[in-house]
């Protein structure tokens, strides 16, 4: 059996134009890395949207794996932006191998 | 105007736009791949920039260019102030959304300009190459006034939250956004390369232009109609304003152009630039600098109403006005 | 510490042509929103596939965050389609901020 | 036939298709970006629609168009019934998959038609422009018959499960699918714009056509061979039928065309339309309306076997048959 | 209530050029399927990267759902590659319907 | 050299590259959609392959082709050995990264070759068509020597870990990578189709070539400068070597070309091939076969330093050297 440790995985959905703000917050929380996934459509309180690069109508999903402490710091840093900037944040526990990396 | 107006409606460029709108209204699953649509918008900006630059390389720079650029910049900066006021009073928008929408109407639509170029050429009122510089210059001032207007609506917190880093990013987004870089960059390349250098790339950037424009307008028709269909935030008041603004601004621009002694093509072009509303450069800036504003409002107005209105009627009306006013 | 609450995150892999059926089920379950991610290839009992838009060979991942009740209702609504329509559904608990949104 | 058949194998269009098949068979990592491939398919449909429309604008509409359209629609609707029966008996497929596959063979392949157009032109048997209308009309009826046939295989539950909403979506997918909208839309635009309007977009939609076709066929060669390599569901029986169907249907269509008094080009075109199997429009409809069917079967047959067979041999054979039957 | 069972969901971020190595490992572990999602940018110890297909600078996320045993076998098989090949592996428990498929 | 060097800096092709570099250096958000950039790279390889093949179909195959191919293959295989040694000693790289970087410098850059073709044509030193075969042949040997050199740096474990399956994949990646397949495939198609067959696709693959090259170089300018800005692994020593290698290898190639009796265009082309560093084919192979190497090093060197250096100065210098050495 490989040894695993528990870390938090946080995923933040944001306008692509706001992604740099999110990754700066991740960097500021002292987290080692992040990964961005494309997103193609969605629906929320503001209604439907479809990826349209011409009109800058596109969102991205920022994924980051961090220790509990840093994850909490990141969540606290982003909390004030959640409503005004239309972010969606979910987090949960995951097992990782070589947890010293995170 | 009768005959030339008819020509508009048998031009493939316009017909593809109509096809796109019909297809989206009928809920067809037709869609142009996103990266390809984006590539076409880049192509169109480069092509229009290059052609303008080459024309200026041929004609030389005169005083009328400076006049047109200053007039355009002022109009772009000032229009948002009156537009925002009306949006708040008549359109019932709060400051943030009013500022965001106003920025779109002060700024310009490259594709409306390009389509106008095709239509005015058919009507023997060609747009001189230097108007591309005016187009490029009018992109940005409206963004600044729009942000000024919108920030009044933000809480002190949100206003002062920007770190120095973010302010730098904001300035870059406003002055170095992709549209501005492409238009000004290729305008300068056109001037440097001149007609000789341009001839090597002419098959792609000139001969192929109208065909690509057809495909792009097909997509814009699809996006405009789909957005209208799915829109939640668009009220009748706003829809009305999205038709009133191009009429008022178009008249304003044309009259100023004529007053400044422009030829009919240039006066019409200035009118069309004022009448048009951005849906590429300004939304990009708003997403970055004003995430609190609702894209459902500003895009529904500029892309779904003003843009089709201008393509189908506005350009023709302004061309007619410019002809009448210049006694053509 | 920001206060978080527990919600269910559900992810459903479906043919892109079937996505509207899935999002209708989400809407019918009274869930406030969903987000769609592109997918580029996969393998299952039906073999390998690669994203090919020309032949409509493409799948999407539909992601939604909901309360336990609504999540259960959605799972129940989609269960009959899972085999016949080749859907893949996974769900798990996540922490969210401002849970009243979901 | 000898000389013209040789011409086929030195045409870049065909050679790029072969290159794609070889590259995929040898497991090269060569791949055309998905959005670009999709954009090319849209371009090809618009180009073929426009050219057909312009040709009709020039030639006018005659009775032979009506005949050809009715013949095509009937063949498209009827072919799936016999095809499905054989697929069940010889191919050992159950009703759902038999119906799905049959829809592909009743419907048509735009790219096969387009490639045939290039090859027949080389052989002095040009396809008249109005055959594009026949092409567009033949897309849909086969989808209806295929769904009728397939639904027999679904449990009562699955059949009645469709809500009204879903039925609306189904009807839209069948009658307003992207291929049909593009073909008919640009056909009409071609008629309205006429040769004059077309000339502005000719560099993109006519002069550039064969080059884009090369790139698209390179991709289709890659997709067809990769799918064949990775296919699990394809049996020898089905592979045999995927060659028998185009031969039988192609003969049928050509003979009917000749019987109806078509010129050699039109008769061959009708034959090729019958021989061809859809791999763009029908799969899109099946994914929506018949998710229970296995795309591994219908795409392996239509794209990986019938399509290459037609490109490399079928078109040549049918052209030869049309020439012989019309005494050419 | 639909009956659900617990399975492991494993997600592995890898260079797209290394994806076949990862999916072979999944196949070898006896897992029935996998799904690949595109990724558009990221940052780690090796710095920033952005998807650039011309220079083959692109990563993918491989997602697979498996029983605990097979998931452990897969993690063990991939563990030696994690550092040298720049893989990122996270896993967690999810509920699935019709768990016999996995 | 003065006049022709000036011509370089007024060519749109070069100006768009400079625009891209400036935009990225100024952190504009301008970006070309990824799938479209990839499609352009495929287009460029096909176009260059086709044109080379057609030229050979016209000129016939002579002994100089064989000489050039053998010379190119040897240079591609041998250059990495000395380059890797210097990278280890001067550049302070360990074996794995030294081998990976060396492979890039032994192999070639298609776009540098293509740009050189445009520039040399302006200077009346056209590159003969058969040099495309040399280009294609030089892609691969350097990958082999680079891997040989790099593997010395891997632990025994990592070296022997490859299963038979993986070795097969490696061989395919090296010999059937997309660049090689496209170049050789379309070169052969060009030979088979000949000038007659080529004429049908000439509008896309010849007339449109320079325009697409502009767009592609705009993107390469963006990617090169952004990568330089964000690079962490690039040291001053490595940056120095990334300029020294093209100078040394370019001189080497040109001198060998002249010694073998090549015409000025061919000698310059061989020099430019040696001077250029791959950033399409070799990175693809390294990602597959040598994931332990750091792309931050090899791409920053080849794409961000050597490529711009060659485009802006290297090509001009080598052209001048070839002219001087051949007494032109």
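Note that the chains are named A, B, C, D, E and F in the order they appear, and that numbering of residues resets to 1 at the start of each chain.
The rule we apply is simple: contacts are C-beta pairs under 8 Å (C-beta built on N, C-alpha and C of every residue); 3 or more make two chains touch, one makes a residue touch a chain.
Please read all numbers here as calculations on a predicted model, not as lab measurements.
Common neighbours of subunit C and subunit E, by the contact definition above: A.
Using mean Cα coordinates as chain centres, the one most removed from subunit B is E. Taking the mean Cα position of each chain as its centre, D sits at the greatest distance from subunit A.
Simply put, subunit B must spin 120° to overlay its Cα atoms on subunit F, rounded in steps of 5.
One simple way to say how far apart two chains are is to compare their mean CA positions; for subunit A and subunit C this gives 18 Å. As a whole-number value, the distance joining the C-alpha centres of subunit D and subunit E reads 39 Å. Annotation for subunit A: residues touching 2 or more other chains are 37-38, 53, 92.
With touch defined as above, residues shared between interfaces to two or more other chains in subunit D number as follows: 33-36, 38, 203, 208, 284.
Annotation, chain-chain contacts: A-B, A-C, A-E, B-D, B-F, C-D, C-E, D-F, E-F (touch as defined at the top).
Those residues of subunit F lying in contact with subunit E across their complex are 34-35, 37-38, 41, 158, 165-166, 169, 219-220, 223, 226, 230-233, 279-280, 283-284, 287-288, 291-292, 294-296, 299, 303. Listed in rising order, the residues of subunit C touching subunit D in the complex are 15-18, 20-21, 24, 46-57, 84-86. Those residues of subunit B lying in contact with subunit F across their complex are 33-36, 38-39, 42-43, 46, 50, 172-173, 176-178, 181-182, 185-186, 189, 192-194, 197-198, 200-205, 208, 284.
Residues 10-13, 15-16, 19, 22-23, 26-36, 203, 207-208, 210-212, 214-215, 218 of subunit B are the ones that touch subunit D when the two sit in their complex.
The touching residues of subunit C, when paired with subunit E in their complex, are 13, 37-45, 59, 61, 72, 75-76, 79, 82-83, 88-92.
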